Each structure stands twice: as structure tokens, then as C-alpha cells.
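Just below sit the structures, each encoded as C-alpha cells.
Heads up, the next two complexes both have subunit A, just with different partners, subunit B and then subunit C.
And now, the complex of A and B:
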């Protein structure tokens, strides 16, 4: 009996393949919407920093996102709208107050840096589970937390700028604690770490640290004044709302 | 009496969120000629302030500037914009003095003729070169479509640097406008839609030329009986009307962004409302009908290191010209030489030459603290080019030190060459920006 239970446990623990783990993470219940104030600190190889402040609202698991830039002052008023579509090209638009124009930008140039940071547009976009192949590696422990280690390799359909990602996923909360991303040559490009806080029934990311190891440049993003399921409406994600900084 | 003042407050829902927001910049700067380091004495915007009030779906927005001239030291206040904006579910409505922006390309927009230009600020990016006008604008968002309509009841011409000897192309003195605009009402509409990863826009605008042109002449023939008599022609100016049809698009192919605009302009002389009892016998009217076109094709590339390179091809062509001179009182057609056509609408840089190419680059270093720009504009049809390079450094947050050099080079054998006329304007510029 004990042997049977042990065998069952081992099967359950080790029977999950990479795709199983990816599906578990993908199926995780996410907030219907999220709002926060974002502080982004960019640090270059000489230790010089630059700080951006933003306000952000998103819904549908970040498929719709709108960001207003608050600081530095010469960026204040600039805003960014992203809408991911399942069956057609994503839309990315920026409001430039100095030009009084909403400027459409390419959603296919996923490798472009977001506002000079170490996060690319691809890093900010959801990954479609069907666009990747998954391979489970040996479990590891990070800071006392037992993690799945998942290797994700993009297929051609992902149109990715990376060759693969290694993700360390907390086995209890199914949150990604750490990720290494590799460039097309297979060399380590970025190291990312993530921190979370519990809000209502969700584990919500409240800090991201990205280091571009090739450029020796880092970005630290802190999410403050987090709110989830606050009733953000779909109608907010329109061009006209780029022109109005929310209260 | 006191109750009357309380009524507007009672009408405002107490629960509406309200906020005042402001931002601006202070920008002292100095321009000196590269030829002799003498200072170029033109006015510039020393202070710019955006002040707004938001309550619920309503915004009140203003933009004010202090325009300053170094010699003699003088400043002028200019309220560039003040308008009320309402944002219902279906779109937006704006009423007041405002600046509009149409078109997909950057900097040069043949389809954007809603506002006149301030020629003192022709080299400013974005809306810095435009003059606000009193207008009503409505924009409707419907699925993938945007429909915009604009009505401008009051005409405003371009602001030209009359009598400014330091301006690159000087205009001696402000001309007398003999015929005011016949119909000040200007109308425009634009439709934009999204198809895949492309946006397409179609627009139409009917308005008055932003610069005056020849409307009539008073003609005094040589008097054979008077020795020393000569033929005299006194030109009289007015404003033509122009209708613009425009198309613009943005699309993406591979690593490139492609933006383009094209516009066809139909310009004609308006029917002058003259009092025939007061019309002189020697008055001759010019009736003109001209069709011309402008286009801009822009390709943009961003490298892996974040360097942005933009190439723009600008073109201008006159497709059809028709000039008729007739004596006002008798309506008899006469033969006078037609004037050289100068368009009264369109993007200014496309008027400088029939075809030109603009190449620009932008890169940032030091964590975004240092911004480097370069640009060159080459007249493809004739000899002439402009080169500029600038560096902007931010030593502390909200501060910028900006240095630039701009050089013009034209055909020395052609006195009418536009870039040649601007050679004396080749300059360096040093400025400090403080954003608040």
C-alpha cells in the first residue's frame, strides 16, 4: 500500500511534462483587471540611473494595457496603448503631446526596447502557449522555494527575438520567480527576477528586475498602489484616453 | 442675488473627480551665425505653460507662451490654445482656440492644413510651428473607424517675419491686404480605418490660403502725350480659396515602418464682392485656377542598439494652371502676364523645392541622458542642401542643455536658389531647458 502511494506520488510529481507545467501556469486565474503606479529605474554600466514614473491599467491578463508617463517631466503626457488580438495583428499606439498625434508603432518589432529599458516589447507581451515547445528540467530550489524549471523554445509562429527561456516556477503558487532569456545565438541575454504580493486571491507581481548581461545594464520596475478587480472598463482602452492622464 | 451665483455650483455634480494639472518649460537660448558669430536676433519662446482643469468627462486645456527677443529686450504673451474638451463614450468634442494635427508622416504633412504656420518657428518640431485657431472639432470612434469633423469660423493667416532682416528669407514689409477673406468659414473631415497592421486615412479640407496672393491690379498705361510717362501697375492682394483632398497611411514591413501622405490642392480666386459704383475704371481682376500636389513618403528603421534612422522623400508639382485677366467693369478679357504661382497651403518644406530628400537619425547614450540628432535635406532637382547636428544632454532630472549647428548650402550661380538665400542663416544654437 505504502509502495503504491509512493509510486503514485512520484508519478504525480515527475509525470508532469513541460507542457503540463506550462498549461498549469497558463490556466492560473488572473485578475480581471489591474491598476498600479510604476517606478522604473534604469542603471547603466557606470552605475548612473534614470527614473521613469508611470501609471498603468490593464485587463484580460494584460492583453489590453494603457500606460501614462508621469516623469521625468519632459516625458509627462506621453502615453502608450497596447491591444493584443488573437486572430489579427496586435496594436500598439503612442500619444505624443508635442505632436498632438497618436502614432501607431510596429507590434512586430518585439525586440525593440520599451522606453529605453532592458525590457523589450516582447517581454511585455503575453506568450501564446501554442507558440512554444516546452521541456521540463530538474527541479531547483531558489531562496528556499522549490521550483519547476521549464525550458521554453519559441516556434517560428512566435516571431520571437529569443532562442529560448529558462523559467523557475514556484511549485505552490505557480508564479515565475526567475527567468533567463537567451539570444538567437544561444547566449544568455537577460536575467529576470520577479517578486509578488498576495492581493485578494491573486499573486500579483510587485517588482521586476531585468539585467541585460551583454550590455551590463539593468532595469528595476516596482509596482505600487496595486489594485485588482477594481472594475476597469474595456472602453478605457481607446485612443482618446491616451490624451487624458487619470487622476 | 446671491442665489444666482449658487446656481452654477448646484448644477455641478458634487461627486465628479476634479484636478488641476500643469506642466511647462523654460528655454532661454541664443543663436549665432556660423559666418561671423554675430547674434541672430529673432524672437523665441522663453516660457511655455500647459495649464488644464479636469472634471469628470470634461477638460479645460490651455497653452500659453512668453515670446522673447534679446535685442531690444522685449516679451510678448501669447495664448496659443484655450479649449474645452468633452469625452463621451463615443469620442471627443473640442471647442475653442486649438491646434489640430492630421496625417501619418512626421514633420511634413501635406494633408494637414487646418492651422496656419508661424514662420518664426518653422524649424520647430511638432505643433510648435502652428498657430491655434478658434474651431469646433468632433471625433467619433466606431469599431476600426475614426471620423473627425472640424469647423473653423474665423480665418487666420500665416504669421510671416515681415521686415526681419535676420530671418533666412526676408520679406521687406508687411503688405497691404486689399481684399479680406470673402468667406471665412473653413470645413474639414477625415476618416481613418485600420486594416491589419496598417492605418489608412482620407481627408478633405476647404479653406482659405494662408498667405496672400495677387487678386487685382490697377493698371496705368504709358501716356504718350506726357513725356517721361511710364506704365504703372499697382498690385492688390487678397486670399484665394483652396480645397484639399488627402490620403495618408502607415504600415509596417519587416523591420521598417512606412508612412506616407499625398494631397491634391485645387486653388482658385474667390468671387470678389466689389461695389461697382466705387470700382476704378483701370481695375483688372485675376482669376486663377491651379491644381497642385504634394506628397511625402517616409521609411523608418530602428536598429538593435536603438538608433532611429528616417528617410523622407518630399515632392511638389503643379499639375494644371489657368489664369485669366479681365477688366472688372466691362468683364473684357485682357492679356497680362500670369504671376508666378506660390501655393498658399501645404507643408512648407515641400514648397522649397520640387523634390527633396530628408534623412535624419536619432540615438541616445548614457542611459538616455545624451541624445544625438543629425539631419540632412537635399534638393534633388537643384543644387542645395541643409545639414544639421544637435546634442542634448541632461545633467540632472528635468534639465537639458541643447547645442546644435545648422548649415545651408545652395547654388551660388543661381540667385533665386532657396538654399542659397538661406546660407547667411547658417547658425549655431545653444539653449537650456528646464521642464516643470
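And now, the complex of A and C:
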């Protein structure tokens, strides 16, 4: 009896194991759909910047997403459609207004950069819990917020381009505030920070900053005009809707 | 210590110097050694570097463009690694697996920024309207079918193939780019270590500008060490044969070694204090230690032989030293000044290492003069000399030769002068045949490993010598892109230019891919919007860094790169001039373009070499003429002093022309060395002529002068055969310098004893100074 009480005390004090935390994060309820205007600023090692403005609508936790390019002027009208599949390759299509053609794009290389940013397709895809091993490290405080520190090591099945991730997870909201990702050689590759706002009952990401420390290139993404559960229809995610920017 | 009764000299400065050696020899030796230690302590900052670009003036347009390109597109200095087996297909799964391993290992190195090879290259395909960007080599282990698929893709994309495979397909190529502004020796050493360990059993060749920049410093260091040893051995043998006294030889060698240490330390200090690339030790500086060795030797030999001569007369050491230094302090100082004048002409050179060369060796010459005037007589003073020794009592073989030569010259002055003139005229004939070439491959002996690698890359690969055109403008504008392809086509019309690439080629490839892989669309699209759509589409799956070597981040600066095989000077000028003209017609004046690359920089280097060589010869001859006129108080002496030098320089370049020895940034220093070292002979001759003319009659004057200075001049020249050590260099132009300098020593010393002597004999009535009766 004394041993059981001690074990219970330890569990309460220390909290969850790595896999427990990962499950808690994964089990969070996500919006059914999301709409926003995205501003993406890319900055290279010499301080030169490129800014893109896009309108995005997504559902099923980003598994279906359509993006219309608004700025720069050169890219206005270009549109992108992504539909993730569990059992086959993801579909990605792009509308090229100057050619008046829709073209499919490959998504074979998970490490490829998305739109020239520091985020790869792997970074943008939800991690399958079964593909990783988790190890909880000592808790730390980030900007006054107490965080779990979780080490995630991809298994072979993840086919990851990383060797591990260190994530700082807000203990109250279970949102990831900061993450460091390491390349296959074990060297730090990317530093990511995330900010959120509360919309309805969700903590919705409204800013992401990613820095590729090896290339000294950074990406800052700001999500504006955020809407959740606004009734985005599944029918929106069709090729024909790429050709016209919605009002 | 017993003081001699008479005063040391009738001149206060000479008297001061002589007093230091005679009255305070130990203090003088201590001070000399202390100064040497202070100077030589700069050796800790002594740095060997041989970056061709660092030689060029920083404001040279082609260097500025090069620097801009490095800033915008990363280092353009790369190493090419080619491996395979002659006559065997390079597209073999084993070879591709090796390339995979090599690329991975190199990319893991912190020296390496990027590796371009089949294993790292990206392919762009169209499958049923599906634009796929994927790795060209998907896995380490491939089936022969997969390897053939890579070959098929490259056959379809010839420009890519030319970068990654040899012309016959036998060898695979990895292009290794270092991080910008890294130390090349470490980079090359790392890359070579990785490649050598992985490519055992393969025929491996290295090349590229980065490779040579990285491999040269250790080679230069080893070469200089070897040359120094050889030079010392030669000098000791010659000194022993002539001085026939171990202590005397040891004293001269001490002066040489300390002078050398002081000079090299000075170079280190200058690099430390100024941070200037002028004070980096380059291939062009390789001859510097040997030259310093001969100059220091020259001063020492004059002092020692004169001392022996005086000792025979006075039979008393202190008198002999006083008399020696009284007669030699001014000539040695004057020869130092004139030699410095000749070498200081190098400071006007537009080439950075030659400026540092001139300054450093000038400092070394002054230091050698200081040691010869203080340390050496002090050492002589401390030694107990035997007046009955063979060295003191009998003439050496050189002295006997001089006796005979003196008689010949004075019996037939006009004949000797005419013969000299004839040789000079023959030399002028060869002068017109001198060609300029800075092709680095020719710096290495035929058959050497390095030369074989360079020849291999030149013949089998698609070029390692780059030409770059930087263009400012909208890199999505179809007109500009089309003009870029026109420029590439023009460049590829030259048979030596094997390949070229630019962002225009990528646009053409993307266009074809988007248009269902129809070859008819391998063109630049007609509208800017289409070009932009292609880039946007690529960015959805390709790495933005894929284009970083061709276009800048803003698409406002583009780079056309072409590679050629090894080029002759004539070909370099032809290609550069024709390309420049073509660019002037194709690109509007409002569109800034910069033309650079090793080809253009080599063209500029050649122009600078010709300019600096001609200027330095004229400048040094004029300065020496002026100095000699002032010191000897007669313009005629100034003119006569430069005659043997001018003759020697003309004959030297004539020989270069006849023997096909090319003028390069390494051999360009020859004229300064010849003038700087050769002027000593004339100065010694003139000083003695003037000195003896005050006491000896006209009839016997020339005979006595030749008799008096002939021996030290010939001994000096013979000791300078240490230049012959340069013949053992690993670098061909340094060998040429060695051979030509041996010849120059003969021509300047004999020129002084024959041409100058004959002229002085002919003009003696105008030259002899008589004290007012």
C-alpha cells in the first residue's frame, strides 16, 4: 500500500511520459476547417527578403488545402491544391494562369522546401505518433510558460529527413511553443517558434518563425483574418476552383 | 685589446663602423644578434598562400566582378574530382555507389558548401502532365537498368551531362564548392583525404582553381626548404674551394643565415602589422630566399676576400680589418642601395606579391649590409688568423683565371667590346620571340602527377577553366534570357569552350517539362508571366538553393558560366575579345554586365605582367643610373653602370625568346634580380677604378682595377651559382629562373670585366679624376 501511494505521488509530480504527452497533443480537438490570409516573409543570409501573400482554406486538419496567390503581383492568380491520402501519394495540383494549365506536382521528396520557404513538406505534415519514439526531458520555462520538453526520434517507417526533434510544449494549452529539429548527422538544422491565439475553443496558430541555422535563411509566416469552423465545403477542394480567386 | 696607432679611416661614419668591430666586437655581435632575433621573431606570422586572385589589384574590374560574384553566388572556386577506369563505362552501379558515398562524405565536411554530382543532382521529368522534381540518383545501390536510366536522362540533357561525366562517359565527376572565405589548404587537404580513402582502386584526377590554390602552399613550402638546402650546399662548396678556410666560410654562412632569418621574419611582421596580401609568400616569392642568400653571400665574400688580401699585405689582423672596411663600407653600402633601387621597382608593379617581394627583399638587403658591416668584421676580429696558412699565402684558381682574363681584356678592348655587342644584338633578335603565358599547368614538370591530372582534365573533361558573365536585369524577362542563351551559343562556338550554363537553360528545361516534355518547347517562353509561373511551380517542390549558383535571390542578377579546356595566351585573348564584342552588341548599354572568371583574370594578369616588366626594367635602370651618377659624381659613370645590366637583361630576354621560356608572374621578376644582383659588379668596378685612378697611372689603371676587383667579382658570381639550386625546384618557371640567373651571373660579371672594362679603358681620359695640382 505504501509503495502504491509512492508510485501515485511520483506519477502526479512527474506527470506523463513522453508518449503520454505526444498523445495528449495529438488528441487535441482541431477546428473542422480554417480560413486565413497568409503573409510569408522569406529572408536569406544576406538580409534580402521576399514577401508572398496568399489566401488559404483548409479542412480535416490541413489534409485538404487550397491556396490562392495574391502577391507579389507576378504570382497573383497562381493557385495550389493539396489533398493528402493515407494509402496513396498525396495529390498536389497547381494552376498556372499564364499557361492556362493545371499541372500536377510531385511530393516524393519530403525534405523539399515548400514554396522556397524553410518549411519542408515534412514540417507541414502532421506526425504519425506510431512513427516516433518519445522521451520526456526535464521541464523548462519559455517566456514564463512552463513547458514539457519532448524529444521525438523518428523510426525508419517515418522516412524522415531529421534525426530528432526537441519540442517545448505549453503544459496548459498543449501547444508547441518552440521546436528544434536536427539533421541526419545530428546537427541542429531548424529552430522554430510558434504563437497562438484563442478562437472559439481552439488555440489557433497565428505566427510561425522558422530559421534554417545551417543556411542562415528564415521564414516568418503570419496568419491574418483567421476564421475557424466557418463551414468550408469539401467541394471547394477541386481543380476547377483553382482558376478563380474567391472574393 | 691593443689599439692600432693610426686612425681607422679619414671619414667619421666609416671610422664609427670600424671602431665598433675593432674596439667592441662582442657588443657588436650581441647587438647584431639581438636585432636579428627581433626581426626573425616575425616568422611566427609568416604565411604561405598562392591565390592567383590575391595577386591582382583590388580595383581591377575583373577582380571586382569576381568578388561580387563570390558575394552573390558563393565561392566559384571549386575542386573537380574525376574518377573511373579508362575504357570502362562510368554508368556502372559500383561507380555510382562510390559517387554516392563520396558525395555524402564530402557534404558532411564542414569545409564543403556544396557538392555537384550525379548523386546530388536533381532531375525534372514529366509523367502524364505530372511535373516531378526528384533526385537524379535515387539510391546508393542501383540496378544496371536504373544506372542506364540516369544515362538516358543525361543524354537528353546534354548541358547537365557535360558537368557530371567525362566526354567519353568513362569518368564520373564531382564538383566540390567550399564555403566562401575559407582557408583553401585545409579545404583541399580534407577533400583529397576523403576522396583518396573512398576511391581506392579507381583512377582519380583532381583539378580546378580551388585545388591549385589549396595544394600550392605545401608544395611551395617543401620546394623552398629543398632549394635552401641545395643553395647552401652549392655555396659552401664554392666558398670552401675559394676561401679554403672553414672559419671564413662559417662566418659568411652565418651572415647569410641571419640575413635570411631577418628577411623572412620581416615579411611575417609586415603581414601581421598590415594584414596586406602583399606580404603573403606566393609561388612568385619562391626564388626570394635564394636571392637573399646570394646577395648576403656577395657582401660577405667581398669583405672576406678583401680581408685576406689586406692580411697578406699587413700581416696584422686589425690593420687588415680597418683597411678592408675602409675601402668596402661605401661600395657595399652603394651596392645595397643600387640593388634596393632595382628591387624597389617591383613596388610599382600592379601585382600584389611582387610589391611585397620588392619591399621584403629591400629590407633583407639592408639587413645583410648591416650584418656585413658590423657582425662580420667583429667575427673576423675575434678569430686568430694564421698568416702562413695556404689560404693566405697562395692564390686560388679563380685568382689565376682573373689574371689571364685581365690581360686578354686589356690587350684587345675593342675586340672584346665588339664581341659583347654582337651577343647583345643576337639577344635582341630573341627578344621579339618572348611570349607571355601564365597557364598554371605549365608550371609543373611534364609527367608529374599534378601535370598529368591537369592534362587529363583538359583533354577528357568538359573544361575546368571558367569564364563568368554577371548580368544585372530582370532575370524573368524573356528578352534577357534569350540573350543569355545567345551569349552561351557564341561562347560554345569556340572549340575550347566545352559547356556553359545559366538560369536560361533551367527555364528552357522547365518549359519543356511543363509542356508535356515536348522538345519543341525547350525554349524561353514568350511572356514574362510564363517564366514567372515556371519559377513559382518549381518552388513548390524544388529547393530554392537549386538556382543559387545561377541567379540571385531577387532574380535581378544572373550569371552565365562557361568552362573551357586549358588555353594558350593567344586563345585567351581571342575568346575574351570576341566575347566582349559580342556582349556589347547583344546587351544594351543600360544593362550592366561584368565579365570575369579565370580566363579574363588571366588575360588581365598577362597585360599587367607585360606592363609591369617593361616599367620595372626602365625604372630600375634609370634609378641606378641616377644613383651611380650622384655617387660617382659623373653622368658618364651612371651611363656606364647600366650598360652591362642593360646588355644582360636584353640577352636574358633574348634567351627566353630563343628557348621558348615564357614570361609569367613567376619569371617576371628575373629582370629585377638580374639588375639588382648584377649592378653590384659594376659598382665595385667603378668604385675601385675611381679609387685607384687617384694614385695609379693611366697605362696601368685598368689592369690594376681588374686585378683588384676581378677576383671578388668572379668569386661573387661563382658563389651566386647558388641560383643554380633553383634548377632543383618542383616548379618549371623557378627552374627557368635558376638557369637564366646562372647565365645572367656569367653575363653580368663578365660583362663588367669585359664590356665595362673595355669602355672604361676607351673612355679613361674622360673618366679619370686627378686631384687639383
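Keep this in mind: the second predicted complex is superposed on the first by the 235 of 247 C-alpha atoms of A that agree within 3 Å, B and C clash if a C-alpha of one lies under 4 Å from a C-alpha of the other, contacts with A are read in each partner's own complex, and residues count from 1 in each chain.
Here is the rule we use: a residue touches a chain if its C-beta (ideal position, glycine included) is under 8 Å from a C-beta of that chain, and two chains touch if they have at least 3 such contacts.
None of the values given here were measured: they were computed from a predicted structure.
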{"item": "Clash or fit, subunit B versus subunit C on superposed subunit A", "value": "clash"}
{"item": "Partner chain(s) touched by A:244 [first = subunit B, second = subunit C, both, neither]", "value": "first"}
{"item": "Partner chain in contact with A:74 - subunit B first, subunit C second, else both or neither", "value": "both"}
{"item": "Partner chain(s) touched by A:98 [first = subunit B, second = subunit C, both, neither]", "value": "both"}
{"item": "Subunit B or subunit C, by number of subunit A residues touched", "value": "B"}
{"item": "Which of subunit B and subunit C A:114 touches, first, second, both or neither", "value": "second"}
{"item": "Subunit B versus subunit C as contact partner of A:88, first or second or both or neither", "value": "first"}
{"item": "Subunit B versus subunit C as contact partner of A:28, first or second or both or neither", "value": "neither"}
{"item": "Subunit B versus subunit C as contact partner of A:51, first or second or both or neither", "value": "first"}
{"item": "Partner chain in contact with A:185 - subunit B first, subunit C second, else both or neither", "value": "second"}
{"item": "Clash with subunit C (superposed arrangement) - responsible stretch of subunit B out of 129-137, 255-263, 327-335 or 417-425", "value": "255-263"}
{"item": "Common interface residues of subunit A - those touching subunit B in one complex and subunit C in the other", "value": "44, 48, 50, 74, 96, 98-99, 101, 104-109, 112-113, 116"}
{"item": "Contacting residues of subunit A [partner subunit C, same complex]", "value": "44, 46, 48, 50, 69, 74-75, 78, 80, 92, 94, 96-99, 101, 103-109, 112-116, 185, 215"}
{"item": "Subunit C residues touching subunit A - in the complex, by the definition given at the top", "value": "71, 108, 129-135, 476, 514, 525, 527-530, 532-534, 536-537, 539-545, 552-554"}
{"item": "Touch list for subunit B against partner subunit A, complex", "value": "17, 19, 21, 23, 25, 54, 59, 87, 89, 91-92, 99-101, 106, 125-128, 139, 141, 146, 194, 196-197, 199, 250, 252, 255, 257, 302, 304, 306, 364, 366-369, 397-398, 400, 433, 435-436"}
{"item": "Of subunit A, residues touching subunit B in the complex", "value": "42-44, 48-51, 71-74, 76-77, 88-89, 91, 96, 98-101, 104-109, 111-113, 116, 217, 235, 238-241, 243-245, 247"}
